Structures are given as C-alpha cells and as structure tokens.
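Both complexes shown next keep chain A, but they swap its partner, so chain B is in the first and chain C is in the second.
Moving on to the complex of A and B:
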C-alpha cells in the first residue's frame, strides 16, 4: 500500500478538476485544488503538498511559471510536478521540462496510468529525500570526525612535541604534516646525561587507531628517557605496553637509537623498519642499521629481545632513518623508488651537509604523486651538546627535602644482567633540591662510574679494546656474552648525604668485585678526546667536585656539593 | 451513431470512478461547456482567445467522452495558432452546433440518476 500523499491539482477546467481530484482521492491521497497558477503557488507555499498535478495552460498564471516558482519554493526537496496536457507538439513538452516538470499525463485521463505515475514519482521523491538525509548525515559525521581528529592532533602534538625534535640543532627531518594519521611517529629527547634518544616508528594501519597507539608509546619514550632509562628498559616497557593495549593485528615497527656525544657511539635497536644508515663522513662508508627484531607490540614480554647494536661515530658523522614510505614511493608509472636509488644518492654525495637535501630532491623529483607516509630523519653527531638540562618537571616545594641520610645497595649477578639501577638512584637523589641543578652532571658521572664498575670491573673488559672500529665491535660482543654468562660478582653503591654550613654534600662510592686497575697509570694518560677509549674518566674528573680511587681501583668515590637557596 | 457525440464506454468508466459524484460531474460538464460555448461566440474575432478556450474545452469534452466536440475544439485550437488565420467563425459555428446535439444526450444521461 503506497503512502498517502498530499497532492495539489491545478486545473482551470472545473470538469477536469472534479474528475481528476476524484480519481486521485479514490487512490487514497489527500487532494488540494487550485484553478490557476497563482493560486497553485499560494496553496503550495501554505500547505507544502508532496506532489503537483499541473495544467499547462491556465488563466492568471500559466502552469510553466507556477511550476518554476513551486520548484524554487521546494528548494532541495523533490516535489514532483506532473503536467496535465493534451499538448502534442514537442516544443510545448520541452517547455514543460524547462519549467521543471518531471512527467506528463495526457488527456483524456486514464486512472491506471495516473496511479502508476503518482507511485513512480512518489518513489523518486522518497529516494531524493533519503539521499538528502544521508548526505546531511554524512556531512555531520564528517564534521564530527574532523573535529575529533583536530582534538586528537592537538592532544597528540602536546605529547609528541614535548621532546627536542624541533629544537635540536643536529636533527633534520622530513615528515608529512598528516603524519599523525598515517601512523608514522618521530620522537626525540635528551637523557639526563645529555645523550639523545630518537625513535622513528611506523604503526600498522592509518587514522585514529594508529594515533591512539602512538600516545602511550610517546609517553613511555619521554618519561623513561628523561628518567635516565637505557634503550633496553625503554624498549621492554614500550613492547609490553603496546602488546597489552593493541589488538593482535596492530603493532609498531620502530627504530630506537641512543646517540652519545660523550662516548661517540650510537646504540640501535631496529624492529621491522627499513635499514637505517650510519654515514661516516671521513671515509664515506655506510653501515646499515638492519632490522633484527620483530616490531614492538608483537611478542610477549618473556620472549621480547631488547638486544641492541653499538656503532662508533666520529664528530660530523650522521645517522639516517627512514620509513617504508620513502622506499615505496612510486613514480607515475608505478615504479618504486627502492633502496638502490637511495644508495645511489649516498654514493653520489660529495658534501655531507647537502646529503639530506639531495635525498629530499631526488625523492621529490621521482615521485609522481605525494605519499602521506614519508618520514626521513638525519641525526648528526655534533660537539657541544653535552648536558642539556633535564626535562623533568618538579612539583614539590622543597620544604620536606631530605638532607642527612645514607643508603647502600649491592647489585649482584642476576640483577646486573637485566636491571639498570641508575634511573631509580637518580630519582632518589633528585629528592634533594640542591642537586637538581646539576642532575645532568650527576647522572653522567653515575652512568660512567657504574658502567666502568660493571664492564671493566665485574666483566673484566679491557677499555683498550675500543681503540679501533674492529675492537669496538668486539668489545660490545664480549660485553653481551660475558653478561649473559655472569653468575657471580657485584656492584655496590653507597650514598651519603650530609648538610653543610652553606648547603650540602653528596658522597657517592661505587665498588666492584673486579680485579682493580693501575690508577696512577690510567690518570697519567693524556686527555685525548678523539680516542674511542678512556674518555669516561676524564669526563668524571671534569664534572664532579672530587674523585678518589681506593682499594687498587676497585672503589671510587665522587663528591657533589651544593649551596642552599636563600 | 451517437457514439461520436457521447461515448457510452467512457461514461461507464466515469460512473465507476466517480461513484456518487457522477451526477455532479455531468452537471459540472454541462454548466462548464455552456459557458465555453458562449465565450467562444463572444471571442469570435480574437484568434488567441479562441485558441485558449478551445484548448480547455477540448480537454474536458475529451475526458467526458464527447468525442466529436473534442475533435472540433482541437481543430479550432490548431487553426487559431496558425500564422494565416482562416475563417475561425465557421469552426465556432460547428462547435456550437455540435454542443446543441451533445447537450440533450448528457442531460438525459443525468436524468437517469
């Protein structure tokens, strides 16, 4: 049963009007009548009928003009107009169409044809109404979605840009402005000791789901980097968190690296990203940073591998990281950019400063259409970026600051294998307000002395190994092997905090179970900053008030003093 | 051959459609047609007016089954639209004459109800 419609019939012949309105009424519709065009327009404006049967030739205002006005009044809604006509000439029929007529009904009237036409026009009318309704719905959803994305982007930018990606002088990057919604993520931040952590990630999927995963990842990255956690702990935390919150088919390919100007090394973990490169300026050699792991968020914490690789770097050397959008950029004929072309750009380079631009230019020249997921980042090892102030925010007033206490720790083999106590210790020491101003120096010294105690003391590694690049690689291989097999030994840390007349003093003593070393000989070596080995002790001597070795090099004590604020 | 003046089949259909309003339709037609015939006579020398009246008259007489009347109206409408206007008065007379024949037929149809 078709819907009951309100039908306007405009007809100047009383006979025809009576006949037609009776037929239409008997078909179950409500009928309004008008005997000329002007009246029809009036009735339409007042009662908004859904369908109009319109005689073409009428006094006062003809059907053509009335149809035009009614169509205008109807706006976007479809109000079908069926012209009642015995006009046979095509010119007259064309006039009906021009005026907005949707169909014709010839006299004498046939009620079966009339019913069919009314039904057909009603279907058309309802179809149009549905289309408009859905269009408006889509527009509303679209607006809503845009709004959501704007909010998400604003929140995300707050989180993602809390790092140093835009401020650091040694980072250059190319990233789509829509990066948030293509799943690419680029983060950078300084550790308390002035090392730089950089993460380039690529989430599976696009849009909000990718951005949602990026948020906790960024939080973990910044939080743990600022607290002094190393790559291994940060990676474990990221992996565990993503594994827990993401659905199975979602994960994050990522390269995480730690660039240390002090130690002239880059430590890298690559899970599922394309090869990055360490570009040596002096030799032009490129070391690929190959993916050796599954992406973050795939493996359960028990089987996750946080093993990193360490490469030496000289001042001016560069690390390049890129997303698969670079390699998969297609030209007009669907040919991929590929790794070969990237390596050609490296090979052709003469001025290292121009390398990033050259890659950018070749990429821009190559691609037929711009992809939205191209991320490229260059991180240079530049001097003079040691010891950036910590990005941590303090909220306590300082009234309850502890000034007279001591504590001792002993970390044994099983702990040394998997735990880095430094972030915890730093947190503890930064309860002392007076030390916060030198947190960078404090952390650097602690990190250096702890790794000396562990690597040279407990693991018995010879720092002389690190003299050249081959030895350097061997050193880190041995470190990893010996740590794996470790079943005895310890590192002890004694903290002693005392108030003084002007402020306070921290004494930090670190002991190890190793064989010790010849302190006199070691200190007599020249301050050669460009060697890969032996740099740590010089740094320690520069940064702390006092350094003393005892017990044949097995025990070292450093002091930090501060002046209380008035 | 009354069929050409008043088609009984058309009337059967109309009776079915109109039901109780059938007599009213006949009354309306007779009244309406009377007015049109008078209007045609008055507009005898105005081709444009004749064409318009003939168009409308053609429609209603066609719908009511007055076949010959409708045909004459159609001819008048067509002739009046021509650039070289022929003697339209003759056609008006024919319509007048035809209605004189048709009128009693519809009146007697009306009497049956």
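Moving on to the complex of A and C:
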C-alpha cells in the first residue's frame, strides 16, 4: 500500500484539472491545485507538496519556469515533477527535463500509467530522503568524532609532550599532529644524571584504540625515567603494563634508547620497529639498530627479553629512528619509498646538519605530501649538556626531612644480575631536602661508582677494552655474559647522613668484592676527552666535593654537602 | 581479500588460507574461520601463499589465533609467506612465537 502523498496539480484547463484531480484522489492521494505557473510556485512554497504534476504551457508563468523555481525552493529534497504535455517533438520533451522535470506524461492521460509514474517517482523521492538522512547522520557522527579527537588530542598532547621533546636542542622530529591517532608515539625525557631517554612507538591499529595505549606507556616512561630507572626495568614495566591492559591483538612496536653524553654511548632496545641508525659523522658509517625483540605487550613478563645493545658515539653523531610509515610511504603509482631510498639519502649526504631536511624533502617529494603516520626523529650527541635537575615533583615541604641517620646495603650476585638499586637509593636520598638541588650530580656520581664497582670490580672487566669500537662491543658482550654466569661477589653501599652547623653532609661509601686497582696510576692518566674509556672518574671528581679510594681501590668514598635554607 | 578454511580428514589440522590483502578487513572472516569449529584441532596452519600484503592488524589477528589455540602451548604454523610478508614478520620477531616457513 503506497503512502498517501500530497500532489500539486498545475493545469490551466479546468476540465483537465478536474479530470486529473479525480484520478489522483482516487489513487488515495491528497490534491492541491493551481491554474498557472506562478500560482503553482505559491502553493508549493506554502504547502510543500511531495510531488508535482505540471502542465508545460500555461498563462502568467509557464511550467518550465515554475519547475525551475520549485526545484530551487525544494533544495536538497527531491520533489518529483512530472510534466503534462501534448507536445510531441523530442526537443520540447527534452526541455521539460532540462527545466528540472523528472518525467513527463503525454496527453490524453492514461490512468494506469499515471499511477505507475507517481509510484515510481515516490520511490525515488524516498530513496533521496533516505540518502539525505543518512548523509546528515554520518556528518553528525563525523563532527562528533572530530570533536572527541580534538578533546582526546588535547589530553594526549599534555601527556606526550610533557617531556623534553620540544625543548631539547638535540632532537628534531617530523610527526603530523594527528600521528598519535595512527598509533605513533614519540617521547623523550632526561634521567636524573642527564642522560636522555627517547621512545618511538607504533601501536597496532588506527584511531582512538591505537591512541589509548599511549597514556599508560607515557606514564611509565616519564615516571621511571625521572626516577633513574634504566632501560631494562622501564621496558619490563611497560611490557607488563601493556600486556595486562591491552587486548590480545593489540601491541606496541617500539624503539627505546638511552643517549649518554657523559659516557658517549647510546643504548638501544628495538622490538618490531624498522631499523634505526647511528650515523657517524666522521666516517659517514651507519650502524643499523635492528629489531631483536617482539613488540611491547605481546610476551608475558616471565619471558620478556630486556636485552639491549650499546654503541659508542662521538660528539656530533646522530641517531635516526623512524616508523614504518616512512618506508611504506607510497607514491601515486603505489610504489613504496622503501629502505633503499632512505639509504641513498644517507649516502648522498655531505653536510650532517642537513641530513634531516634532506630525508624530509625526499620523502615529501616522493609522495607529494607527508602521510599522517610518518614519524621520523633525529637525536644528536651534543657537547656541553648541563645536568638537568630531576624532573620529579615534590609535594612535601621538607620540614620533616631526616638529617641524622645511616644505612648499609649489600647486594649479592643474584641481585646484581637483575636489580638496579640506584633509583631506590636516589629516592631515599631525595627525602633530604638539601640534596634535591644536586640530584643530577648525586645520581651521576652514584651511577658511575656503582657501575665501576659492578663492572670493573665484581665482573673484572677492563675499561681499556673500550679503546675502540670493536673493543667496545666486546666489552658489553663480556659484561652481559659474565653477569649471566655470576654466582658470587657483592657491592656494598653505605650511606651516612649527618647534620652540620650550616646544613648537612652525606657520605657515600661503595665497596666491591673485586681485586681492586692501582688508584695512583689510574688518576695519573692524562685526561683524554675523546677516548671512549675512562671518563667516569673525572666526572666523579668534578661533581662531588671529595673522593677517596681505600683498600687498594676496592672501596671509594664521596661526600656531598648542603646548606640549609633559612 | 578472502579467507578460506579447511579441516584435515582426521580433524587434527585446520588450515586457514588468506588471499589478497591480510589487513583489518579480514578481521571478522579470519576469526570466523577458526571460531566456528566445534572440535579443537591440534595444529593450526595459516597459509599465506596468496597473501599479497600484511599489516600490523594482521599481526594482531595472528596473536588472537595463537591465544585461541592455547597461547604458549599453541601449535600455529605460518606457511608459504613471500619475501615481503616474511620481512614484516621478521621485523616484529614473530618467529619467536610462530613456526614460520
């Protein structure tokens, strides 16, 4: 049963008008009438009929002009106009359609055909109405989605950019504003000792689902970096957290690195990201940073592998990290950008400062525009980085800080293998208000002395190995092997805090179970800033007020003093 | 894109063949291909002979299958992957979870 329509019939002949009205009414429709074009337009504007039967030739205003005006009034809605005409020439019939008519009906009228045409036009009319309704619905949803994305982006921006990504002078990056909604995440922050941690991640999927994992990941990254945790613990925590909260089919490919200006090294973990590169400026050589691991959030914590690789870097050297959006960028003919093209840009480069722009240009030139899921970051090893004070937020006033106490720790083989006690110790020491201003120096010194005790003392590694690049790699391989096999030995840390007349003093003594070393000879060695080894002790001597070795190098004591605030 | 599955005569092996792009569009058919079997096979084989492309959501789907098949005890084999597909699987180190040939 067809719907009842309101049909406007415009016809100057009263007989025809009566005849038509009767036929249309009998079909169950409601009829409005007009005796010329102008009247038809008027009635249409007032009553909005759903369908119009229009005589072509009428006085005052003909059907063609009336059809044009009615179509204009109707706007996007389809109001079918069927021309009634005794015209026979095809040119005249075509004019009916040109004027906006949807069909025509030749006189004399055939009831059956008229009913069929009205029904057919009604189907079209309803189809159009449905399309418009759905279009509007989609548009509303789309607006809503965009609004949600804008709000989410504002929140995510606060999280993702609370680190030093924009402030650090040694970082350049290319990332579209909505890259996060393609799952790309770029984070950077300083550790207490002034090293820089950088994470480039790529979540599976697109849109909000891809972005939600970014929040917990960023929280872990910033929190643990600020507290002085190393890559291994941070990775473990990130993996465990993502594994716990993400659905099985979601994970995060990621490269996490620690760039140390003091030690001139970069430590890297890559799970599922395309090769990154260490670009040596002096030789032009590139070391690929290859994915050795499953992405974050795939493996259970028990089987997660936090093994990192360490590479030496000279001042001015750069690390490049990129997302698969770079390699998968396709040009107009679906040709992929690919790794080869990227390597060609590296090879053709003459001025290292321009390398980043060159990649950017070639990439943009390849496609004509940069895609939304392209992330590219360059991190340079620049000299003269000041120690950044801890970025931790303190909520206490310092009134209740402990000023007269001591504590001793002994970390034995099983613990040395898998636990880094420094973040815990640092947090403990930063309970002392007066030390907070020098947290960077304090952490650097502790980190240096602890790794000396562990690597040279307990593990018996010779720092001379780190003379050249090959030796360097060998050093870190040996370190990991010996640590794995370690079943005896210890590192002891004694902390002694005493109040003084002006403030207080911290004595930190670190002992190890190793064979010791010739302190005199070591300190007499010339200061060679470009050597890969031996920077640690100089750093310690610069940063703490007093350094003394005893027990044949097996025990070292440093002091930090502070002045109480009035 | 199409996903076809077939159980061996003894019911012990389910083979899922992917044709064309293996991406988010295959999500539902891929899940249906193993979830609709009442009997649990011992071995799942994903045949990528005619798969032209694979993205990260496809990797996610493989993880779903592995989870369905018993997680760490699952026997899921990915066979006939072409060199491009193999490269993608290699970057993510999926050979640590799947038997890839």
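Please note the rule applied: the second predicted complex is superposed on the first by the 479 of 566 C-alpha atoms of A that agree within 3 Å, B and C clash if a C-alpha of one lies under 4 Å from a C-alpha of the other, contacts with A are read in each partner's own complex, and residues count from 1 in each chain.
Keep in mind that, in the parts below, a residue touches a chain if its C-beta (ideal position, glycine included) is under 8 Å from a C-beta of that chain, and two chains touch if they have at least 3 such contacts.
None of the values given here were measured: they were computed from a predicted structure.
With both structures placed on the common chain, the touch criterion links A:134 to neither chain B nor chain C.
When the shared chain is aligned, chain C comes close enough to touch A:274, but chain B does not.
Looking at the shared chain after the overlay, A:15 reaches chain B, while chain C stays out of its contact range.
In the superposed model, A:86 lies in contact with chain B only, and not with chain C. When both complexes are overlaid on chain A, the residue A:283 reaches neither chain B nor chain C. Look at A:26: by the touch rule set out above, it reaches chain B but stays clear of chain C. Once the two complexes are overlaid on the shared chain, A:109 sits against chain B while remaining clear of chain C. Legend: residue contacts after superposition of the two complexes on their common chain; A:253 is shown touching chain C, with no touch to chain B. Contacts of A:298 after superposition: chain C is touched, whereas chain B is not reached.
Put simply, chain C touches chain A in their complex at residues 24, 56-57, 59-61, 63-64, 67, 72, 91-94, 96-97.
Listing the residues of chain A that touch chain C in their complex gives 183, 202, 204-205, 248-251, 253, 271-274, 291-295, 298, 300, 324. Those residues of chain A that touch chain B in the shared complex are 12-16, 18-19, 22-23, 26, 55, 57, 59, 84, 86, 107-109, 111.
In the complex of the two chains, the chain B residues touching chain A come out as 10, 14, 17-18, 21, 24-25, 28-29, 31-33, 52, 55-60, 62-65, 74.
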